[in-house]
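Below: one structure, written as structure tokens.
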Amino acid sequence: MEKIKSNLIEAIKGTYPDAREQDHEGNRLDFYVKKQCVPSILNYIKGEGYIHLSHIAFVDWIEEGEFELIYIVWSPKDKIKIFIRARVDRENPLMPNIESIWRQANTYQREAREMYGIQFEGFEAPNEFVLEDWNEIPPMRRDFDTQAYAEETFFHRPGREDAMDVREAIIERSREEIPDFAKKYSR
Amino acid sequence: MVGSPVLLIAIPLLAAFLIPLIGMIWKESVRLIPGLVLAFMLVSSASMLLYVTNNSTIIETIAGWQAPWGINLVFSPLTGFLATLMIFLGFIVWLFSYRFKRNVDFEPAKKYFIFLMMLVAGAVGIVITGDIFNQFVFIEITSISAYALTAFYTGRNSAEASFKYLLMGSLSSSALLIAIAIIYSQLGTLNMADIADKMYLMPTGYKITALIFFFMGIGIEAEIFPLNGWAPDAYTEAPGPIGAAFAGIVVKAGVYAMIRLVFTLFDIPNSMQFLVVIGLVTLIVAETSAIKQDKLKRMLAYSSIGQMGLVFVAFGIGTAEGVFAALFLMLNHAIIKPLLFLSGSYLVFNSKEKKISEVNGLGKHMPITSLLFALGAFAIVGLPPFSGFWSKLSVLTAAANEGMILIIALVLIVSVVEIVYYFRVVNRIYFFEKSDNVVVQKPRINAMIAMLILGSIILVIGFDPDIVSIYLHKASHDLMNTREYIDNVLSIGQSLTK
Amino acid sequence: MINDKNSQKIVDILQNWARKHSLFVLAYGTGCGAIEIPPTMTSRYDAERFGIRGAATPRQADVLLITGYLTTKTLKRVIRVYEQMQDPKYVIGFGSCTINGGMYYDSYNTIKVLDKYLPVDVYINGCMPRPESVISGIVKLQSLIAEGKANGAAKYKENLDWYRANQKKIIPNWVMPEYNW
Amino acid sequence: MEMIYLILVLFLGGAVLTWLLGKISPIIRDILFISSVIIPTVLFFMNVEVGHDVSFQVLGYKLSWGISYLAYLFSYIVLGLGSLASVYAVAAMKGKKNLGFFYSNFILSIMSMMGILLSRDLISFFIFWEIMTWSSYLMVVFRGKDVQKVGIKYFVFSAIGAYAMLMAIVIVNSLTNSLLISDLVSSFGSFSLSMKWLIPLLLLIGFAVKSAMMPLHVWAPGAYSNSPMAFTSMFSGALSKMGVYGMIIVMVSLVSYIPNGFWLKETIAWLGGITAVGGTLWAVAQDDAKKLLAYSSVAQLGYIIVGIGIGTPLAMLSALFMAVMHAIFKGNLFLVVGAIERQTGTSNLTEVSGLIRKMPWTFISALFSIIALAGIPPLGGFVGKWMLYESLIGSNHYLLVIVVFFSSTAAFLYSYKFLFGFFLGQEEKEWSHIKEAPAMMVVPMMILAVATFVLGTFPGLVLNPIDNGLQELGFASTQGRYWEMSALFNEWGNQVMLQPLVYAIIAVFLFFAAFLTIKGFKHTRYVTTKDISSSGEVPKEHENLTFSQNFFQPFLRAVEPFMKRRIDTYYSGIGNGLEAIFDFTRRIYTGNGQTYALYAVIFIVVLLMFKNALFGL
Amino acid sequence: MELILNILGAIATIVLAFTVGMSYGGIVRKITARVHNRMGPPWYQNFIDAFKLAGKTTAINHGIMQHFGPAFIMVSSIVSLMIVPVLNGGGWFENLNFGGDLIFLLYIMVFGPLGMALGAGQTGNPNSAIGITRGLSQMVGFEIPWVMALVALMVQFDTTSIVDIMRIQNESGTWMMFSSPFAFIAAVMAMLGMFRYSPFDIVGAPTELASGPVSENGGKYLLTMMSSGSIFAFVKLTLYVDLFMGGADNLIILVLKTFALYMIPVLYGIVSPRYRTEQSIRFFWGWPTFFGLLAILYAVFV
């Protein structure tokens, strides 16, 4: 397995010098790449036997002003998962379209478009995916205040006012370092 | 005496020689004179036919030499019928080709009509002559004019077709000469009636050899398989009306010569079976070849050959009914096939290739011509109530009465093939879209009249076949009755020599 | 005689009794509560002994059982299903999500209070309620029916404008046939 | 002038005049068309009597025209359906091109069918048969679609059949020296054994082609669906019955006298059964209504052939009754398809849907016809089916009854597909502009629909003339034994009393219709077909939720083994093989003069070599 | 007078059929529940359901065919009830027997499905149409062995009349299920499909098709269909009893016999999963048809 991994790293780094790999324990291997390289790398590793696109995950790095897209690809032959990580500018989130490589990418890309507002080049799909009649900013962006929105939009049954915020207490108890930005969102 | 058979040969030949002379004075006359001549001949021939139907056969001797020494002309119900038919077709062809295509100019028209006259004269001669060598001469006249007419559209293909025809024709002539020589050497006579009278004197071997050479010689003219190689090319390359003339005139003359030999001259019973077999083979080969053709006229040519095969089958049945059916077939074929050729030549008028696919969708642009073609197609495949049906029915009835069930089956199966290729064309005419590069040519009025005459005859015979059946019955009776023919011809001579 | 008030009352009592004992339930499995319905219906808890029976379509159903949180998207369908049911009809809200949003109280796309949008006859609380509580909720509904108090449908008809306004507030793109009973 | 001549001349003259004068103005053309169908029809029914023959000579053959009881029965079909279809055609074909041609062909085919029925001799029978063939052929290719394939296929099969018939005719002529049908029948017993087999077989081939019997049916689906619907109504309703007519005469008058002829009858009956099953299965698989009805026609004709093949009086009754019924309901159904195609522009069941509220009258007539087709009481189709089953059981054809029943049950599938595809299902915006067909089209359809009902209650109306025809063929009278005006009996005397049943059906229906209507009338509401319980989803205007693709897929999967082999492919294989052979014969003519000369030389050499064998004395 | 009596008798028959059919429905639910180790509803649950459906105050339809569809179904079940003799030897409930025969019965029995199909078709609900296609396909499946069994009976006794068959059984003293056993087997196997209990209930599979053909029907429409179904169940059972079990001399015997017969599809259904349409068609064209053939051969040669 290690041999396969190192071969793969070598091959990818040979073609894309600015790709950065991060080897994990077990069967996982990460690559940090430029967003332009994503289709060609995916194409390449698909040819190497990584035929299964498990998922495309999205992270909103609001502090860095970037979205991260993680293409998780799996090879049933080598039993290795490869994470291809690419970043895109948050203000103008335009990614290459990989629908031609995996058709199921369509669904993930629709999700990204709706939930994060990430656009894909030449991507055609019906507009609505999960949300109906959504007029706000994409709800999965971290600058969307869901509680405020819910309070404003929906009726609330009185009686929850006395519910205590137990977050501080939990933090106290677990003695865990919580970063500032996370305090607002994690419970 | 209502007229003289000799005029039927002499006048067209004379006209053929006079046309260029008079043409120098008045150019239009090269077109008019043949028409007048043919009209006169038609009237004369028809009146003679009426006469012989009701009275006795007209036999005319040439230059006072009586049969069996001299040449004599026999205008019997059979020969008269065929002669009248040929002259009628000659007239129709003339009417149609009055200013057809290249006939507009003086020089081509002159040649065209000279050879047409000679063709008619030769064909009529073949039919009404009573002398076997004379018949040979007329066959040569017909053939030569046919070669010339085949090559009328000067060009590589026409010349090639004409040459093929010439090649086969020369084979035919030599075979005929050999056959005539054998007969003359054995019997010392050239008069048909006399030959028939004395045939029993001839040794069997000579007889059969002579017959075989006759088959070869006349078979080429009569388009029997496998001697008909010239026919498709000649039909295709000759002008449309000439194709009609071939189908209606030349071939009929050949068939006549053949059956006269088989029925009257020779007394070989197996020759009937031979006719049936050769006719069937011709029919099957020709009709099956026709189905895959892509040129219209070529297809019609094969169909024409096939019909001749059917005629031979009908003659080969050997009964009066069979002969009646065969004559009926010849009549219908002589009406319908010219109609198909004439209308077909307008359907593919402006095309170079004369492809079947070029008739697509013409039904809308030239309705009457297309309708006539369709009528011809319906009639020739034998759909009632058109004339072709009655002749096919007669053939089948005659065959059935002789118990030839297999032959009936074969003929009918072949008819299905015939239906397929004719209907494919008719469908193309009516139900396909016309391609833009096909230029439509409206028929001239004279051509239209010619075609309408033929079309109306088809309908008339179709609805009331009895108006022709009397002549056909007389003619078949005439052919079957060899003794009467011999007596008729020879009795005059005998009575005078006494 | 037939039309007088007392005989009508008798008919009402009879009909209510029949309605009570023959509840065709359309379980609209919106959330995690859907998994509680099979045990309710099958051998262990056997809701059929109360005459409760699953209905496959709203046309045949008497009771609409909303089993869990409702996203705005689902709410639109639920309203549609409710309006397709034939009178008399009842709604059971199932689980705390329908009551006050439950754990989704701050979600951007689930409604928190069902009875603002549909006339709920009986709420069953719990997260999730077990089959016992489901059955007890249904029995409560039965007793309401027998008393003639389960008149959510009538309320809905009376206050249609109010309900519509609430519904349209969160479903801006309102394309539905008219509800004109 | 003899009335028979006058009728035929009127038809023929009408055909010619309609074509020629039709060029002047459409109104004249339409009037001429309708009158030249209706006037001879009226004259026929008023003046022509059974048993009055006229005869004349053509070409030495004695031809004779007149009408028999059996033919009179079929003339009801031809002229009745013909008049209705012609009225329909005027409205349906309005604005189409080449109408003069269409109309005159229409008249010609009616004329030819009447001619067939009037012929008392084989030659005029054949002549009219061929006129019928080519006039219907011209109708098949009228729209210019699939001409070379469908049209030629139709004509080739017809020609094969017709020529088989012609062969039989000339053989009969040679044997009996007469072409009268009566002479054939009377002298058939004296024929030799081989002729006794050959002649009926050849005739049957001819008739089997027209009545689309397996394996000669392959032309039918294409031809039926390709001609204009106004004519297909005649084509399937009346024209195919000419095959049935001929087949009845042959089976009863000839085949019965063949020693061991029952084998032929059994074979015909089984072929009919197989035809019924095959036609039904293929009809189920069709998506185009015309094709569906075409295959269904094949199947229905299969039942009729079964009846004819069995040949007992009850079976003949059923065959003839079904022939009449088939003319009525299938004629009507084709008219319905024509109306729908005219209004919507398509006849594809997967495209059109929900026309019931747009074209209610068309729907009602289609409903009646479909119920009759499926053989469900109380409409007329049931009577024929019932008699068929009873005759099959009564004559010990137990397996055949299963085969027929299977086909008849499977017919429900395509019946429903037809109704559902056009009229039921979602009402689409695409078809919201559709209007009911004009009255001239609806009235003939409704008349036919009412006829199915009347004949279902009082089958005696048709069974009476059938009985006359059967007596003419030599059967004993069946009235009172197998049927009364409104009752049916089988061989064992069991009965179906139609009248009380029909009244009971109507009474129950009315009662519950009233119950459903009155109960909660105020609270019963009509909702559109978009308002359906599809998981709470509201279908959008343009969304078509109608289920019409692969409609009977599970069923077709179950019967797949039966449908793997198609006779059609065998025929086209034969056709292609023949064309290849023909291509070979074409190559004999090489176009090379030397080859031809060589042929000539070979010819003479061979003849000379074998001269003694050939011509030896 | 006689007519009025007849009509009254007919109404009595209908009421009887309705009662018995409904009770059977309830009892089947009870039995199913007991097999599932449940209490189950009371046996009269179906009457409550019917009464409740009658009490539904609103109803919708999608057009005239859906409105009259239940009436068509009722026609089918009531007219076939009129034809099937309820008891031996005439007397009670004579109705229309015998104005029709077995073949008429076969055909009038499909009148209902057709009306159902039309009504369901007009709703525009794709589930209904799918259910209908499945139902019709399955009908083609089970009609074959069923007709074979009937043909065997008709052949064996030279009659198509149910009354005659009953009379013959009474005269000979043996039931048809013993004297022509193969026909009985084929008929019973066909009956499995006829009652549409599982494994042949794909037609209205609730979770898959949302109850299929009836998915748009509620209130009075569902009531009519349900009553019709109950009557029809009674008709079928009575027919089987008449044909194979010698009929019944009085109502109690009738109820016993029909109930015993009814248990066959019910019990088979309770323990069976569901067939797909083509599987069920193949099932019916397998062993049942084989037994049907045997029955015909038996009838012809024995």
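Going by the order they are written in, the chains are A, B, C, D and E; count residues from 1 in each one.
By definition in this document, a contact is a pair of C-beta atoms (placed from the backbone, for glycine too) under 8 Å apart; a residue touches a chain by one contact, two chains touch by 3 or more.
None of the values given here were measured: they were computed from a predicted structure.
Shared contact partners of subunit A and subunit E, listed by label: C. Per-pair tallies of C-beta contacts place D-E first. Centre to centre, using the average C-alpha position, subunit B and subunit E are separated by 79 Å. Remark: subunit B and subunit C have CA centroids separated by 97 Å (rounded to whole angstrom). Subunit D and subunit E have Cα centroids lying 36 Å from one another. Each chain gets one centre point, the mean of its Cα atoms, and the points for subunit C and subunit D are 58 Å apart. Residue numbers of subunit E whose C-beta contacts span two or more other chains: 56-60, 210, 215-216, 219.
Residues of subunit B in contact with two or more other chains: none. In subunit C, the residues that reach two or more other chains under the touch definition are 57, 59, 76, 84, 87, 181. Going by the touch rule set out above, the chain pairs that meet are A-C, B-D, C-D, C-E, D-E.
Taken together, the subunit E residues at the contact with subunit C in this complex read 29, 33, 36-41, 45, 48-49, 51-52, 55-60, 206-207, 209-211, 214-219, 222. Subunit D meets subunit C in the complex at residues 523, 525, 527-528, 530-531, 533, 535-538, 540.
Interface of subunit E with subunit D (complex): residues 56-65, 67-68, 70-72, 74-75, 78-79, 82, 96, 98-101, 103-104, 107-108, 110-111, 113-114, 117-118, 121-127, 129-130, 132-134, 136-137, 139-141, 143-144, 147-148, 151, 154-155, 158-161, 164, 210, 215-216, 219-221, 224, 276-278, 281-282, 285, 292, 296, 299-300.
Those residues of subunit C whose C-beta lies close enough to touch subunit E in the complex are 14-15, 18-19, 21-22, 42-43, 46, 48-51, 53-57, 59-62, 84-88, 181.
Against subunit D, in their complex, subunit B makes its touches with residues 160, 163-164, 167-168, 171, 175, 204-205, 208-209, 211-213, 215-216, 219-220, 226-227, 229-230, 232-233, 268, 270-271, 274, 284-285, 288-289, 291-293, 378, 383-385, 389-390, 393-394, 396-397, 399-401, 403, 405, 408-409, 412-413, 415-417, 419-420, 423-424, 427, 430-432, 464-466, 469.
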